[in-house]
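Okay, so subunit A shows up in both of these, paired with subunit B first and subunit C after.
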Partner chain A sequence: MTTIPATKVIPYRTNREPGFLARMLEHLMHPVDEIIIPLQRALGTRRMAYFFVLPNLLIFGIFILLPMALNFYYSFTGSTALQPSERPWVGTDNFSRLLNCGDYGNPVTCDEDIFWRAVWNTGGFVFFQVSGMIVFALVTALALNRQIKGRGFFRSVFFYPVLLSPVVVGLIWKWILQRDGVLNAGIVALGGEQMNFLVDPNWSRFWVIVVSIWAQMGFYTLILLAGLQSIPHEYYEAAHIDGADTWNRFRFVTFPLLMPTMLVVVVLSLIRAVQVFDQAFALTGGGPGTATTYIVQYIYNTGFTSTSREAGLAAAASVVLGGALLILTVAQLKLGRRTEANH
Partner chain B sequence: MHRRLLFVVLATLLASLLAVSAAAAQDPITLRITWYNDGTEGEALRAALDGFEAANPGITVSIEDIGYADPNIYHSTIQSQVEAGSPPDLARVNNVSLFIGNYLDLSTLSANPEYWLESFSPSVLDSLRSGPEDSGVYGFPLQFTITAPFINRTLFEQAQVAVPSDSNDAVTWDEWTAAAQQVAEATGTPWAIAYEPRGQRFWGFSISEGGQWFNEEGNFTVDTPGFRTAAEKLVSWTQNGLSDPQIWANLADGPRIAREQFIAGQVVFLYSGSFAVGGLAAGIGETFDWSAVPNPSGPGGSTGSPGGSLLVGFQGTQHPEAVAALMDYLVQEDVLGQFSIASSFLPGHLGLAEAGLDYTANAEILQALSAEIPKINEQAYKLQYSQFAFTYNRPIDGRLAQVIAGELSLDDAIAAIQKDVDDAIANVNAG
Partner chain C sequence: MRTLFDFLFRTRGASQLSATDWLTYLYLSLGTVLMFGPVIWLGLSSFKSQEQLLRFPPTLLPMRQESVSLEGYDQPLPLFDVMMLDGNTRRLAQVSRIGLEARMIDPANPGEIITVDIASRSPVESIYFGFENYIEGVQQFDFWLYMRNSVFVTILATLLTLLVNSMAAFGLSKYQFRGRNLIFVIMISTLMVPLAVILVPVFLVITQVGWNNNLLGVIIPAAATPTGVFLLRQYMLTIPDELLDSARIDGASEWRIYWQIVLPLAGPALAVLAIFSVMWRWNDFLWPLIVLSRKELFTLQVGLNSFQGEFNTQWDLVLAMTVLTLLPITLIFAFLQKYITTGIATTGMK
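Take a look at the complex of A and B:
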């Protein structure tokens, strides 16, 4: 057994006479020292780090790791019971049911057709939302990077929706978009006809994407703005002297140097888009039909709102979604490292 | 010396214990009722509870209204509390099979358990029991509900179209559809029919059209000509512009939208139920004349779907005697009668149902709905009081919404409903 030498404790010294607050603090900390100093002697300085991270580790373990492990266990069990001990082991049945499909492009042929509808809906949402988000966030960041009047005000305006609760955003837009909503009132006032924005499947999908971009764009705009401001001004001056016009300055200076930031934005928005739920749910409830039902809503419906409360099936879908998110996260890390290395 | 010290310590402990007990005895008891409102019954219950509190100083009762946008979310909120060991003292429930085994048995706590057995339908009391050997008393029906149509009579008058049921006891769905369409067109009303998107509302319709929900072996089955006919009609209303597609686009909001449209005079014919009378009456006021009409007829007769919510106590309560006292108070004929009148509810109490209630409001409508009760088809009772009642009705509205949205054909929807129900029952039985 290795004996750890007692750590030499260096007392706090100062040339100045300690003030009242400092003396109070010293008195207060004295009992703590009584615990910490012997503990440090026993554990050694290096191992004390574990002691300090222990509270956070406990919280992380109880509220993140334990539920993850339970979810993984649930995905191999069946029945409606909530207590793990009361749930019978069903092996990979839940995964088979989830993934068994005659034709993945035609959900009707799948055992869990709603899951596959949700997968396709999520795929479409991710593609259009992330593409739209990046284009709009980039354009906005470029505009806000210019010396325009009221720049600070506009930055706040674009960031403001990020501060709103997703459910509040969903409800506000629902009032705007429903048949007797504000938008239709405007259309009718201009002589147009009422539109079924939340009843037609394609319109519903479109608006879920638009609302999502509106609500989140400010966050990504801010990241891109920081990226734009980190590009040295001298490069633009050099390009200007070389005769590059605005488009070429963007193409050959801004875009390549913004790529590392752009990658971060792409991966972050991808991960967030795959998790789409609350805002869309508040806006459309997943309808019409299942047109705006996404994977997380499928998990929620299956585990919580279906009468049979198929927690095992919902947990299996969570594991599949977790796998997809893990791939995206690893891709982000690898891309990030590669970009850093290239830099 | 030691003995004296021991005596002092024991005396102090005893005194402290007595003081704590006395304080505990004086502590007011607060009972918690988990609740949802369809209409004005929350206010009616509050009035009844005020009477109980006045008669039982030291006991206060709070109503926690957690909303009912989705029946499964409502019940799973209670279920998580029950499984966590901290259930509400009492709750209003309608998916009663979910909590069997967790209800507080009032047969030993009630001051008059015989009264309970005489006052409520044995089938309703049975629905709370765990099996034939269980003779406990666990709760009582707050109301008896039946699904039925309501019409805007003022619109019929304005359109100068005769109300079909005024001259004919057996009006078919097609006749009602034609009449409602005629009225809507004549009066410029946006919608002819609003049908609340709930599977349970669809049982009566499909049975009337000849639907058979159980096969010869007694198993749940969907694919019958009656179901198809009813489903085709329902889908055609939306596709032909007679019904607002908004009602079926967002299922959680559907019943609210349908009722709001009826209240706003935007729809001629609403299919809802007795549970909506209070809310509709409060919203409509004197704006127009409306009434409940008999359930439409078809080859399977004329039937609505029965139902009703129950008030139950939970075993996990800290105050079982207080819960029993409250339940005994609420089931008294005068208290329950007043509650039913104020809520515009059909009573689930046998004595009150037989004697009839002097409703001060909506009397004609409630009488018309009462007349629907004897016509309820046996299948509808079997569906409602089955252990799998919610399992059966849940996929119906979701899958029909997919047909209306153009995602599924009716054939695919029928196959999907059957599979959803079979899978759900297999999952329940796996435990």
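Take a look at the complex of A and C:
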């Protein structure tokens, strides 16, 4: 076993005076060192890895892994009890109730019609939100990638809404979209009629999509911008020498080289879109009716707010959602490998 | 980049703006209006009185009706421009209104009462930024309490996240040990599991631990974020092992290597994680909503949500409190925007 002098300081970065943060860290960490050195003596250098990983693993295990396992168990049990031991085993009842449907395209024929409405709402949301957001994020990233004045300013402008909380975003847009709101004032000024944006089901769906694009696109714009800036300059020169015009340079240089970044953006935004909840909830509360009730809200309503508190059904719905997310991710990765192989 | 686009969109005169340039500026300016407009509209609206807010179509700037104090009247009288029967317009103060008629007086000649049709008068207004909504709002809405809770949660959770995740990333990137890959794979596979889908069992666990209605229940569970471990691990992999080995030869303990060599070198990645963590925690809604049910423990987001539920018709107060809620993060962003946007763009990708 090696002996470790407790107070020896490593002369690292000797060319610089330790800053305020470093000094504070020293005061904080040095006493910890005194405690941990005996531990290292007992464990040996290599097994100290367990000590470093342990705190994270504990929190992760208790608050993520354990609930996931419990969730799986919940989905096969019934009753409104919260304690797993008080919940009777019901087999696949929850799943068959959730998935039993005369015609999947028509939620009225399903046992859990709200779940299927939520599924279709989520599907529509994911399709339009992701495709719309990627188009806008790409156009914005291309615009920001040009040599223009005030690039930093514009980049910040597009990023700013990302920082706002779902509750704040919901309130801001509720205020704009209400019947006597500023948008309707604009429509009336242009000779139109006042619209009930948040009362009409289709308009509500539309605005939930628009608002979530507004709130999130800045993040993806930044990622795409970083991707654009990593494309080597020489490729454009080569394309130019070969006589490619602007469109062909985009088509044959920018687009293929941006594909890996694009894939990251697609995966991230898809996963996020499938989980749509808080922003839409703050804006419409899931309504009118069930027009903007999405799967996560269905889970939240079923497990928490409904009088029956059907935790088993909610858990079954989350297992289904988790499965869908898994398939989505694996499919994306497979697809990504194939496109990479092609280029 | 500069030369690239010089060359990509070169025009005859180098100093002249090309059509593409104009299009770019047009798009970005329009984008600026769309991105900032809603927030600015919220800000302007928050200074309006309840009466002003109900008006349709709304005025752009907050206005207030002018009034005049006259002898013999306890309260200031509102001023109107009145179209008189002879076609002239006079500025009169209204004493009272009876049905479709208003009794007005001329401030210059308070003795004489003039009765006019209410349709013939329009209020005299001037721009007015009043803080009444904010003052009244803060009395109804425990802003400072919620703010304190939010700041407490955000700072403590971010420090904890940085510590716990960097320790784990250090362990996972700099040591060979049994189960290392298994741990890493399990963590990464939960990256895409939304917290929302395990709400019910998480609630059970929190209740069992006894952290219901305890800020610890908001702070600790989300501290072990797989995203953070992943980000930091990828960054720490680039730190050469030789540096650690030479420190070991010099007799440094593993803990000292962690905080005196690896942590400073992982600074950029830690900064990005800190930004993310502050953003997540400040804006977190669903988790505190479930864990906290006592009002004195609410964070700003949960507080604002319940406030808008309680006062849903009182837009004046709700708007002012929404502005207060978004102000802190907006100020932080205004000062650090360059670091935040470049940090996320560069390190966030790796």
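The definition used in the following text is that the second predicted complex is superposed on the first by the 283 of 343 C-alpha atoms of A that agree within 3 Å, B and C clash if a C-alpha of one lies under 4 Å from a C-alpha of the other, contacts with A are read in each partner's own complex, and residues count from 1 in each chain.
Everything below uses one rule, namely that a residue touches a chain if its C-beta (ideal position, glycine included) is under 8 Å from a C-beta of that chain, and two chains touch if they have at least 3 such contacts.
Here the structure is a predicted model, which is why all the values come from computation and not from measurement.
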Task = Using the superposition on chain A described above, determine whether A:201 touches subunit B (first), subunit C (second), both, or neither.
result = first
Query = Given the touch rule stated above, what does A:92 touch, subunit B (first), subunit C (second), both, or neither?
reply = neither
Key: Residues of subunit A touched, compared between subunit B and subunit C (which is higher)   = C
Query = Touch check for A:106: first (subunit B), second (subunit C), both, or neither?
reply = neither
Message = Quick check on the superposed pair: does A:36 touch subunit B, subunit C, both, or neither? Answer first, second, both or neither.
response = second
Request  = Examine A:166 and indicate which partner it touches, taking first as subunit B and second as subunit C; both and neither are also allowed.
outcome  = second
Query = With the two structures laid over each other on chain A, which partner does A:291 touch: subunit B (first), subunit C (second), both, or neither?
reply = first
Query = Now for A:248: first (subunit B), second (subunit C), both, or neither, which partner does it touch?
reply = neither
Message = With the touch criterion stated at the top, can you tell me which subunit A residues are shared between the subunit B interface and the subunit C interface?
response = 82-83, 304
Remark   = In the complex, the residues of subunit C that touch subunit A are 1-9, 20-21, 24-25, 27-28, 31-32, 34-36, 38-39, 41-42, 45, 54-58, 163-165, 167-168, 170-172, 174-177, 180, 183, 186-187, 190, 192-194, 196-205, 207, 209, 220-224, 226, 229, 247-248, 250-261, 263-264, 279, 282-283, 285-286, 290, 301, 304-305, 308, 315, 318-319, 322, 325-326, 329-330, 333, 337-338, 340-341, 344-346, 348-349
Ask   = Mind pulling up the subunit B residues that touch subunit A in the complex?
value = 70, 72-73, 76, 79-80, 83, 95, 244-246, 248-253, 390-391, 394, 401-402, 404-408, 412, 416, 423-425, 427-428, 430-431
Task = State the interface residues of subunit A toward subunit B in the complex, per the touch definition above.
result = 78-83, 86-88, 90, 97, 108, 113, 117, 178-179, 196, 198-199, 201, 204, 284-291, 304-310, 312-313
Remark   = The answer for subunit A against subunit C in the complex is residues 4-6, 8-10, 12-13, 22, 25, 29, 32-33, 36-37, 40, 45-53, 55-60, 62-68, 70-71, 74, 82-84, 139-140, 143-148, 152, 154-168, 171-173, 175-176, 180-182, 184-185, 188-189, 214, 218-219, 222-223, 225-227, 229, 233, 236-237, 240, 246, 249, 261, 264, 271, 275, 277-278, 282, 296, 299-300, 303-304, 311, 314-315, 318, 321-322, 325-326, 329
